[in-house]
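To keep things clear, I will list the structure first and then write my remarks on it.
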């Protein structure tokens, strides 16, 4: 059974017990190159492995881009 | 015996029981052409006759001048 | 038999013995509102009646227009 | 007996038979660093030795200076 | 039909507001008002100096003219509010030009304090005309606060430097739904004319008139220039082009 | 007493000369003349086109106005002279604006040929008003040749770019003892106003008026702006300053 | 001895900060950095788009360069603070360019919110560089709030319109005791050069370089122009004069 | 491959020509030449003053530099020709800057005499670089006469007023098929930079460098600014826009 979370403003269904590190891996994202806001709090990289996603969690996954 | 009041930032000695209308007259000021702040409150012209000055009172007497 | 003259840069065939005043009339031009150069010389209005056109004559007929 | 010449707009008395090279030397001028106009003609440097000054001769002696 | 300038529930023909400071004598002012055709006139408030006999400037200003006292001297919102109320009590009515300045070298206005003063005075029923830097976000907040107009500077007060802030004033004109009155720094009629051509609603001029050798003539000149600029704005100017475009027919008769 | 503009033995109140080119209909011209108050009006000469019925522009110009035909289309002095004489024969009188142009992209005048034409036409009794680049030495030679004024360009003809040549025009104003009439390129009233403030004697405007959405209003705007600039010049503007200078008394009552 | 630019405890030779937005490919950026010689580089933060594979821009920025993330997208202080902290967490360090904008047409900054964000972020240990309108009182409050510099705009972001705000920027340079970095609107090297000649401490350029046909060459051009302007400022320019002054000796030999 | 400046059969890297007038001592000149990187240097000719011992300026100019004597002091073509030949005889080679001036207040050049001198000197084998007003028809005649370049003024000589004639210089750049060298009036590096951005081929600077507090630094600043302007011209600047255009991605994550 999956759970539904919100990632960058869109609903997404993932498997239960997915850790954030797993989720990033599933998206082929290098954890060193992103910043993650987890339910409005900034999550340190060292906690990506510890943090398990739950129903209705909200993730913002951002990266650095060109800007002026 | 006189009392001391502050007028436009300067100490001045006046007689007791001087009304504001008297004071203006003593300065040859037309009451219709000035505005008076009496102990930080604006005083309506109709009250110039009623208001008696007391020791340590503070008056600001202002007029309209050219400005940009 | 006609003769050929040049008017404002174009060849034109007219009847022999045409006076300039006749020519202007044929074009419905008010002689007071034009200026005529006849073989490079400016022609006074009083001479429009006297001047007869000949083969190869060159006329410039000009008027005043808007300009800056 | 001296002769009078005009040098750079001023009269000057010099000895007879003075050559231009002599004159420049008397002024401590390096002939390679000046240009000489002799009676309105430009004089080549190789002719400084040959040219003898006469009464009423006019010399312009110029040099290169800073300019914009 | 007529092109009238609406400001604070008044409708006026004149779009030139003039100040009354810096004149050698207040007696000159009636002529300046007359030559300028101004219908709104700024004045200031000052402590009476008992040692010098002075005119009352209001004696020189015709009844039909709208007084616009300013809060010159105020360094923060509360001082501005205090001056506004004194001016009202002095008989100047309920219009007020907010001027909050703590910088004495360039006399540049303080947007924060100006907004605070505007909020308070609008609530107290004043028609509030704030003098501002040409800052869009300040102007937007003043619009929200109920200001009757915004008055961006063209250059520092009294500098006669002209419409140096045109880049930012044009943006206010484009973005703010209030009358834009260019105030301060306009030194010559052509400066005011340009401001009006850009779409400003009015201009406020003091030093450039008061400091002219002949202030009356200069007042008339500004009045005409403001009208000219307004009419040009209404007339819809043609486009500019990089190249020339003949104004006479070029297809000549000359070969 | 009055400030009159002297040009070619005429004395006029108006310092705005207008052109009559580029109007959609000549019937608009009387209104433009009236709104502008102009007393000198430029016209051009053209071959009649027998295929198209056209108005006579002179029917639209009031008698009291001074005609100023131009030599538009002339590429050298002799063509300009020829056109000047034709214009005279056509009833335009003896005033002539010399315009000698061989550059079709920017329509910039040819100073050499203009001087030659001026010399010849002055001898023939014309009042000669040459259109020129703002070149001091050309203007001096025209002064020597007997021109009645010089007419430097502000920007290319019809470009509406404004008084881009102010640096050189100011020098002509300073150095040339003839009326200086800024001609060409003035696109808005503020441009003409600035030229007059600098001390120009008059302005000539065509495209900016003819090309406006509402030419009549624009004509009036230019008329006022030219007057404003002239009056400002006469009124003697005050100095500019780097810093501010208070227009209200700052010695406040607030402690 | 050397003229170094001190900013946020760094001392740098380069006074040109460049942005990295608007490039067709991030792979161009190393060359731009190298040509510009810039030692501070702005970046932004954005949601990852899972549907499009994209480069990581940090892979293209050399280690020795100071990153300067901006808060682009923030409409108020709290959003700016949130973005600043995310940027820090993303590895950008503790420098932050505050950019709070709610006007989408001209992208003009909001001084009030910028001051609030600056106060908070300075307390949190950030080196804060706020992007502002050239408003003196805003700049003074930012100085009080502990900003490391102020960055007034020359013209709207990305407009390439140049140093249109010079009148107000010169006042900031005169009155504010922080580095003044002109940011936004500089469209050509001469604009940046002029800003530096006036005494600005540095310039920030993005669009003018990224939008050039050849960005690498344009980056080099801006670098040289900024150096030229700085050196001219240090060299002490001579005065300007209304008249000419011969540069060659005029006392000629010709009579 | 390289962007070289072709002038009179020379190909040079430097596009900055410097003058040597107005220095307190000729001994400063080697440093100025070195800092400027200039490959063409102007000099003048003067009567020797027997009463004052003076340096020879040529001792201070390296061999590899091209001398460009000017005809300063000439009031007409024949004087200019005479000076040109004297300069050649003095060892300056066959390059000559024609400068014919009879106006002592603004030092504006005489186009007519300049053309005559150019014709004669081209026939005599000189490489002729005439100093001119920015007049298109004069420039065209000089092109026909065989000039190697034209050198329009930016403002009066020595005035440091900048590129005031940009409106007319841009037309020369567009229309004349010769190198355009902006000469005179450039007061700051940004002025020279702008001229180069517009497409001028080179700049000639004297007073702005010689009159700086630190001429060596100013020479270097001008050198960089000229390079910056040239590179910007070659890099193809982007367009300007009336509105803003974000340089950071605005589609934010903030809701």
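Note that the chains take the letters A, B, C, D, E, F, G and H in the order they are written out, and that residue 1 is the start of every chain.
Throughout what follows, contacts are C-beta pairs under 8 Å (C-beta built on N, C-alpha and C of every residue); 3 or more make two chains touch, one makes a residue touch a chain.
Note that the coordinates shown come from a computational prediction; the quantities given were computed from them, not determined experimentally.
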Task = Would you kindly count the fewest steps from chain C to chain D, each step being a jump to a chain that touches the current one?
result = 3
Request  = Return the chains common to the contact lists of chain C and chain E.
outcome  = F
Query = Looking at C-E, D-H or A-H, which pair matches B-E on over half of its contact pairs by residue number?
reply = D-H
Key: Chain pair, D-H or A-H, that carries the greater number of C-beta contacts   = D-H
Remark   = Distance between the CA centroids of chain B and chain H (whole Å) is 72
Key: Chain centre separation in whole Å, for chain H relative to chain C (CA means)   = 56
Request  = Quick one: report the Å distance separating chain A from chain D, using the average Cα coordinate of each chain.
outcome  = 94
Inquiry  = Two-or-more-chain contact residues of chain E, please, as numbers and ranges.
reply    = 19, 21-22, 42, 44-47, 70, 72, 105-106, 108, 156-158, 161, 206-207, 210, 246-249, 253
Inquiry  = Counting only residues that touch at least two other chains, what does the list for chain C look like?
reply    = 8-9, 60, 62, 65-68
Task = Give the pairs of chains that touch; include all such pairs.
result = A-G, A-H, B-E, B-F, C-E, C-F, D-G, D-H, E-F, E-G, F-H, G-H
Note = The residues of chain E that touch chain C in their complex are 246-249, 253, 255
Note = In the complex, chain F touches chain C at residues 19-23, 26, 29, 42-48, 50, 54, 56-58, 69-70, 72, 85-87, 89-92, 157-158, 204, 206-207
Query = Quick one: in the complex, what on chain H touches chain G?
reply = 19, 21-22, 44-47, 70, 72-75, 79, 82-83, 99, 104-108, 156-161, 187-191, 193-194, 197, 206-208, 210-215, 217-218, 220-225, 227-232, 234-254
Chain E-touching residues of chain C, taken from the complex the two chains share = 8-9, 60, 62, 65-68
Task = Spell out the part of chain H that touches chain F in their complex, as residue ranges.
result = 102-103, 105-106, 108-112, 133, 135-138, 140-141, 155-156, 161, 164-168, 171, 174-175
